[in-house]
Every structure is written in structure tokens, then in C-alpha cells.
């Protein structure tokens, strides 16, 4: 098992003929992802890495079973591409693109919710069901199969933590990048609920950061979970009013502070690591 | 039984303090309709015929169980009022108003479909579950309880036919006015499906007219029905390209003709009356 | 409300759709001047609210200002499909590499807008085989985005810069359709001209019910004199040319009345839906309209719901007292306040029928006998 | 991107929201002239990208042109909350019967817009008790219609013409919020003045990521010089004032780096997210930025995913060869092409750490020792 995607997931790549799309198609194929097609308007009929390219998502779904799509589309055109995938009936949409206008993100998330499409991102590294399927951009080598579910708002920090887990013999069921923007498709709770139900997952690592109240909301659910949760929250030393790279990572009007999040998580029974490298050890203690 | 509405349906009247709203509130109460409130912005706190008036539909649903709403709202404001009712969670919406712009009608029907609201109309006389509940404007005296379901696109012609039925001892389960506009909430098929399942209904009268292809679509379903259908189609003598009062009643580009409809209905097994007065006799023959 | 071709093109152009260069003229001299300004060969197109102008000679090419003036003079003298030509559009002649069809209209059955496109433009879309027509419904809560353009242009086989131009044009056309409360926007032909897409014609119908909020759209009158009077009174009226003037309440009832008359061999002069709840004054005016059609008989068919029978009776009496009614009146009157209505009629020398088809049969008998 | 009050008001006014009459001045003489035009008592308001101007003396009343000129001179000499005042808005003083609060912003948790309104305006909304705040989420597929205004004005207790005006205003404010890609539009106070609703202040933040399509919105620079350089390079950079210059790839990783430094007692000079997949050139420029903060030590923390370790190493060597690096560099380098990267570093006299917190501890040690 795993959540959201697995070894049977048929994936298309929107923007497959661009530099990013081409490079990561290669990487995903190397990881074992079942990529069944690419979409690039005006490039239909070509092939990329042996994968057929279609002009539109509609054409792709007419020709292939498509379960998921990943977008390598520049921000100004991402909403259009996302709407195309959603209205064409794609059920999992991974939006790697960063700097999508927040109003476009609200529109995407609203339509996806209405049509029953799961949106991973925007501004995410993607999602990996380790050993089965990778949709997105994280480096292949750190993701190995195992019992730990990981859900995170940031990218490289997650690789760091996943790398540490793997180095300590702790593989992952699924690693989900929610995305660094203020409005993203999945919330921590959405993913925690799935991990709670997933037989493969024995413990969950939550990688949060300052800003918003996603971690506080997650805490309410963690309280009810049977599976243990270890958390790390980035941004302890960040000053209020400054955006730390991510649109969501900003302490405004005294809300979304590090302390508030840590207190909520601890009150819910989660262990909170002070530094990223402590995560595997905390997991080990719990799973013993 | 009956369809869509019955003696337990709690109704509010949007536009209750206007002339039309006030008059028909009176008439509906006289028929026995359970009217629990009225809505009229700025008139909250007043009473009309002993019925409490609220400023907004939201306020009404906060204070009452509301199952249905009927709109006596001028066309330019009807979409706003309909959206208010739909978003407030009202599940049956009767829109009497005529001359609503067709783009507004498309918007209303789309939102209603999405939110699970049944829209009767626009430009309808309403709906009557005879002897139980009347929502709309038809004259009370002709509607008596019985085994005949009636579904119609036009108003007075339906009173004529219902009057004939009643005069011939044939009461009605429910009489539904779909509305005379090109875009309306319910189609013949939607209503026929409900009559087919309704234990009270033994036969159905379909009152159609030229224009559109609602009757042709109905025929496809009538073919599968176990209950008999008698139809009357108005507009046999209407010339192409002219709107016969209703926005939908126009033969354009050779589509929606009288003959096409009659042939489709007859091929589906429906009896088609040549003149309105023949309807009760055809029903009698079938039910014998 | 139908718009003239040039009006639709003005709207298209203001939204960024390319149309041929051109201007309106209502006389030969202006037409020649416009042709001179444009230069080269021009097209002189009659502006009427009907199609198939080309077959009737309503579209002429002219290779000089003088020829354009002559062509305009000829076209301005024409009556095409019953429409008197009062204006012509003088336009540059564009290079035509291929003609497409594109329209957006309201689909009453689907209850949403539908985009209809074809790579076989230039002819009536009804004549294009189904397999060459691309249909795409639009969810009004989403609207039309470029992706829909890409999918349709793929199906039409449009590629390269023409494909891109189509994808740009489609959302614009939808915007016009929505913002102008159109029932139909049609570009036929949509011409591929080099690397451009040009709207060589325009057909646009604006929802009558939305005119109250479409003040910027020019008003086009397409009603006969009586129809216009009826419209101003808030009545639905259509001239039909027969000899039995008809009034009923409700559109379906009015149609049913016509059908019943026709069944008995009668020829209705008109359709008139007096509406529900029309009082004495409105009914009086409606009856006066009927008299303008110079009928042999007047047939009034009232099933009183909101409409009160006594109001109708009083209206008829009022007309009778105000002026002579030169033809027989057959009236069927049942429903709300029926007794009072029938009594008033009797007191004033009118007989009232109870049953619709009997009254209709009587009206036909009178008309056909006289 | 935050807009100045007067910019927001210009936008409000262009959409039909009533704002006080007034104009901008950047000197005393102009301010006096504007006051003369307006007549009566005026308000001279400092234009800075921060709130609480009143408390700092940044808002002054003046009952004559001369007083207005003086007030402007005073305000233009001020620095409020760290912001130098460069312009003032001179406005008519409006009659205040009651102050409301109205804002629309993005709710990241609900993933949709939220309307926030209160009958207790004029103060910071954070200070208004929850029970006096009306919150209404907006479905973006529907938008804001008058009915939502009616419901909110009912909850606010607004009636009569003021209620109607509020119902008119709310959809307009939402239109601005959507059309201008705003993250926040706030009117505080929204003043009831007789039978009018007047936006006496405006706060508006436009989404940085949408500026590419908001060409009509004035550009407002609110970055420090280094932050601006970083922004032009496409890097996320925040000055923090400490002595350890930090570069990492990824926002979370960068925050984690700061936290780890802080954990060991270090003071970061900045936040710098070099992003993923930045090549040699970008990394070179990022390192040069770091040097501008005059740090005691540079801490580079790279977990190479898309980012290649050899690129980072080469960039560091390139900077070293192009100019002297006057402070020690502590670098942690793991991931893609790690071996090559570490080798390049060694060859050029840099040591590479494998473990993040060990490297961070070392950087802090150096900074605190020097």
C-alpha cells in the first residue's frame, strides 16, 4: 500500500517538451513511474524518452488511461493547464510550478474540489510512494520503501529529513509535499487521514513551518490518531512580517508563530524535533 | 404520495411584500400550503398574512425549517435572489418570474445543479401536489387530488387541461410547470422519472409545445416507462421563425416542429390528443 | 434582437477580433468614397436581418470607387427576403485561404452554452455533415479558457500561428457572448487569411429580456407596426395573416387556440398572448390591437386563473361603447369570476361559450361564411 | 506588494467607491494649494507603507491653507515606524457618524477569499472582539452578489440607504480584490457620513506573483537595496542583521539553517533561498550578495537534489578566484554529484561538511570567536 499514488498510477506530464519537463520525465522514468504520455500543444505526435506527446490533455485521455498529471508549466499558464487536466477528468494533479498567482490557486483548488481531483501543490516537490511511483522533482536516491509516512510544506528540507530517515534504515510509505504557497490543494489533515488508514504506514513525520495555521489544524486531528507523529517546524528564528521564501511562511499579526505550532503539536501528543537530524532518533524511540 | 413537494413542505416566499407576492401568499395559504416565512430586504420583522418576514433567506433558514422557496422577484434581480436561496441551502426553488435573461437562467440552473437544488421554472406557474401543497400561481379551484401526474411547459393551457381532468373526475398527484423559457431547471424526463416511481401516479399527461427538443428527449424515456402517457402539443399551426410568446416556443432551422414531436411521442407509445379537450377521454380509455 | 452584420463586427472589433476594414454607407457617393479610402477591390454588402444575401445579389465586388458606387446603388435599391436594404457595408476584399465556422449559442436542452465549430465554413452550418462539426458545451461556472480553444483547434486541424490565433479568439468570442447577453454569436465564415483569422461576417442575437442592461448595444427594430404597438403594451403578438383575430391568456393557451381554429379550417390573423392578470385597461388595448388586423371575426379565449372574467367582459364592453366593433366577437369565458363576466356580456349583447373548441368552431364558421 | 493609501483610494474611486476628495503633495506649498481648492478643514495624511500613523503624529488636521502647509511640512519631515515620509495626502475632512471595518483577504486555511466586516471600525481589527466580527467565505466560482451584502449588512445592523449602499459596495470591493490580484483589500474605517459610505482609508496588498499581469497597478518598492538585488536575480532574500551570512537551497532548508545556527547561539545575517537547480552563475551571484552583508563567516548549506554539488563548488571557486573572500566559508555539501563537488572544494582549499548541524555549529563558533 501507500497513499494517493502507487505502482499502478498512470501519469502524464504537462509541459513534457520543456527543459524541466524533459529532465524530470527522465528522472521519474528512472524511478519507475509509469508515464504514459506527455502534453505539449503543437508538439502532438512527437516522442520524448519514448513517451508519446499529445496536443491536449483531452487527446491524452482519449488515448490512454490517465490517473495523474504533473505540471511543468510556467506560472502564467498554470491555471489554464490545471483546468484542462481537471475538466478532462484527471484525478491526481501535481503542480510543481512556483509563483502561481494566489487567485489562480484559489480557482484551481475550488474547481478540483468540485470535480473530485486531488491537487498536490502548487509549489511542491511532488509526491513519492517510495519504491513505487514518483511524481515530481525530488532526487530519486533518497526515497526507499518503508513504514514512515512523510508530509511536508517545504522541499529540500524534506529531502534532508527523508535522507536522514533512509540513512537510518527508515524507508517511507509515501512522502507528500503539500507545497509552499498560502493556498494549496491538500492540507496536513487530508494527508494524515490517509496515513492513518494506510496499512503500510506505521508512523508519520510532519515537516511544517511558520505561517498560516495548517499545523495547528493538524494538531486537532493528531490528537485522534492511533499512529505516532514526529514533527519538525522550520522558522523558529524568523522575524515577524517577513516572508521566508514561501508565500505561506510569514508570521502576520502574531499568528502562525513557531511557539504556537510547537505547543499545539506537543499538546496533541506529537514529538517535536528541535533540529532536523533528530527526527530519525525520535521515530526509532517511538517504534521500539 | 406526490412528487417534489407534499403536505410537509415548508415554504418561504421571496418578495412577499410585493403585490404579486402578497396576493399569491394569500392564495397558497388558502390552498393549504405551509408557508413559514417571507423574505423582503429591509422589511424584516413585519408580518404578511400572519407570516413572519425576514430580511434575507439566510435569516429565514436560521429561524425556520425551509424546504422550498418561491420567487416573486422582478427579472433583473431574480438571479441574485435565486443564488441567495440556493447558497442558503433551499432544496426546491420555484421561479415564477418571466423575462429573466437567459444567461442568468443558465447561471441559476448550473449553480442549482451543483448544489442539489431542484429548480421549477423560470417562467412557470409553479407546482401543485393536488390537495397537499401549491407553490406558485395557478387558480386553486381546479386542482384536486387524484392519480394523474401532469407535466407541462405552459401555464393557462395546463389549467385548461387540468380543469378538464378535474371536471371528468380525474384528480392529479402533482402538476409541474417546467416553465416556458428556453433554459429551465427541470426537463420532462426529470419529472417523468419521478412520476414513474410515485405510487400515487397511475398515468401521466404531458403538455408540450413546439420549439426545442424536450418532447423528443422525453419520448426516449417514455419508451421505457411502465405508466401510460397522454400528450398534447401546442403550436401545430405556428409558422417557423416566430416566437409564440415563450422563448422556447420557436421553430428554428427546421427543428422542434410539431410533427417531429408528435411522431416521436407516438413512436414511444404515448397517445397524442389533437385538441386539449380530448385528453381526459384518452386517459379514461387507457386507465379502463 | 438580431443585430446587423456591421454592428456585430463593431462589437467584435472592440473586443480584439480582427474584421475586414470597412465602413457603412447609405448612398452611392459615400460608398465610392469609402472604396477610395480602402483602395483596391472592395465588397459591398447589403445590411439586412436575414441570411443568404449572396444568392439574392446582395453582396457585390467592386474593383474601383466608381464600381463600388454603382454596386451600392444597385444593392440599396433591393429588397431581399422581404427586407428592404437601407445600408451597405463597404469593406476591403480579404484574401481567403480557407473558411471556418464558429458560433456560440444557448443549448436549451443541455441548459448551457455550446460552442459549434467546423473546418467547413462559408455555408449554412445546417448543411455541414455532423462528422465535420465540433461541439463543445461550456460550464458557465468555469467559462472558456485557452485549453478549450486548443482542444477545438486540434479537432479542427488548425496548427501553428492559426491555431494560436484561434485559441486567443475563442475566449474573446465567449466573453462577447456572455457580456452582451447574446443568444447567438456566429462567425461564418471565419477566414484564414495568411497568418490571420478574420471574421468576414457576423451574426449576433441579443436576448430581448436582457436589453434593460445592454444599453451600449444598438437597438434594432424588427417588428411590424402592430407587433411594435403590442410589444410596447407588454403583450406578445405575432402577425399571421389570416382572418380570425385571436386573443387568449397564456402562450400555450394562445397556441392551443390557434391550433383549434386551424383544426376547424380557420385562418388565424395573429397570435396574441394577453398574459395572466391583465386588467380592464390592458385587455381593452389588446382588443383594439386585434381590430387593426381587419379580421372577419374576433375570437377571445379566456381561462381565468389570475385573469378575472369580469375584467375581460368589462374590457370588451368598454371597447364596444367607445367605438363600433365592426365584426362579430366569439368569446369563451370560464374561470375566476366567471358568473359575473358572463352576466356582463349578456347584458351587453354578447354570448359566452363555456367550451373552447365549440367557441373555436363557431368563430371559424363565421369567418368562412363571410 | 503593498500600495500606499492614496493608490488604493484611486483604485477604489475608479471602481465607484466613494473616497474623500483630495490630492497628493510632496511639499508644503502644494499642500496649501490643495487645501485651498478643497476649502474648509482638511486632513494631511502621511503616505507610508505601515499602519498606526495617527499615533506617531502622521495625520494632522488643518483648518486653513496656511495650517495645511505647516502640517505638511511637519509630516514630510517625519520618519514613522522606520518609514521616511515622502508624500502626504491632503483630503477634505469628512463628517463621521460611525466607523465600520470591511476587508477581503485570502484565507489559506479555507483556501478561499474571506470577507471580514465589523460595525466597530477605526481600530485594528485584531483588537475587535470576535463576537463583533462578521466573517463570510466566498466561493470563487460564484463570487459576491448583492445578497451577500444584504446578509452581512443585516448582521452589521445596517439599514435603509446605508444598507443599500453597503450592498452595492461589497461586490465592487470583491471585484477589485479579484481583478487586481489583491491579497488584501481593507477599508478601515469605512465611514457612515450622512447617507453615504465613504472609504476614509485604504490598505491594499497586491500578489507579487501576479504583478506580471497587473501592469496598471503602480509599482511600489519596499525592499532594501540588497533585497532588491536578490529579487532581480530571482532569489528570495531577507536581511536579518546578524553576522553569519547564510545560503541554502529551498525555503524550508534555509529556515532550517537559520534555526540550527540560532540553536548554537549564532546570529544569521540573512535568509537566502538560492532555489533548486541554480547553476554556477546564479550561485556565484548569490555568494557575492552574501559578501555585501559584511558577515564574519559565510555558511553554505546544500542538499543537492536538482542542485548539483559540483556547480556549487565551482561557483564558490569562481568567486574566490575573481575576488578575495575576506571571511571564512563553512560549507556543507551533500547530494547530487557530491564527490565531484567535495573534490573541487578540497583542491581549492575549502573543507566540506557532510552533516548540517555540525557545519552550523562550526560557523557559529567562528562567528562568535572573531
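A, B, C and D label the chains in the order they appear, each numbered from 1.
In this section, a residue touches a chain if its C-beta (ideal position, glycine included) is under 8 Å from a C-beta of that chain, and two chains touch if they have at least 3 such contacts.
Keep in mind it's a predicted model, so treat the numbers as computed, not measured.
Asks: Is the C-beta contact count larger for A-D or for A-C?
Replies: Result of the comparison of A-D and A-C: A-D.
Asks: Need the most distant chain from chain B, centre defined as the mean of C-alpha atoms.
Replies: D
Asks: Measuring centre to centre with CA averages, how many angstrom lie between chain A and chain B?
Replies: From the centre of chain A to the centre of chain B is 49 Å.
Asks: Distance from the CA centroid of chain A to that of chain D, rounded to the nearest Å?
Replies: About 27 Å separates the centre of chain A from that of chain D.
Asks: Using mean CA coordinates as chain centres, what's the gap between chain C and chain D in Å?
Replies: Result: the chain centres lie 55 Å from each other.
Asks: Any chance you could list the residues of chain D touching two or more other chains?
Replies: 139, 141-142
Asks: Using the touch definition from the top, which residues of chain A touch two or more other chains?
Replies: 111, 114
Asks: For a test of understanding, state which residues of chain B touch chain C in their complex under the given definition.
Replies: 75-76, 99-104, 106-107, 109-111, 114, 125, 137-139, 152-160, 163, 180, 182-185, 187, 207, 209-210, 212-214, 217, 232, 234-239, 242-249, 253-254, 274-277
Asks: So in the complex, which bits of chain D are touching chain B?
Replies: Touch residues, chain D against chain B: 139, 142, 145-147, 150-151, 154, 159-160, 163.
Asks: Mind listing the chain A positions that touch chain C in their complex?
Replies: Chain A reaches chain C through residues 41-42, 44, 55-59, 79-81, 83-84, 87, 111.
Asks: Flag every residue of chain C that touches chain B in the complex, lowest number first.
Replies: Listed in rising order, the residues of chain C that touch chain B are 106, 108-109, 111-113, 126, 139-141, 178, 181, 183, 207, 209-210, 212-213, 236, 238, 240, 248-256, 258-263, 268, 271, 273, 276, 303-306, 334-336, 355-357.
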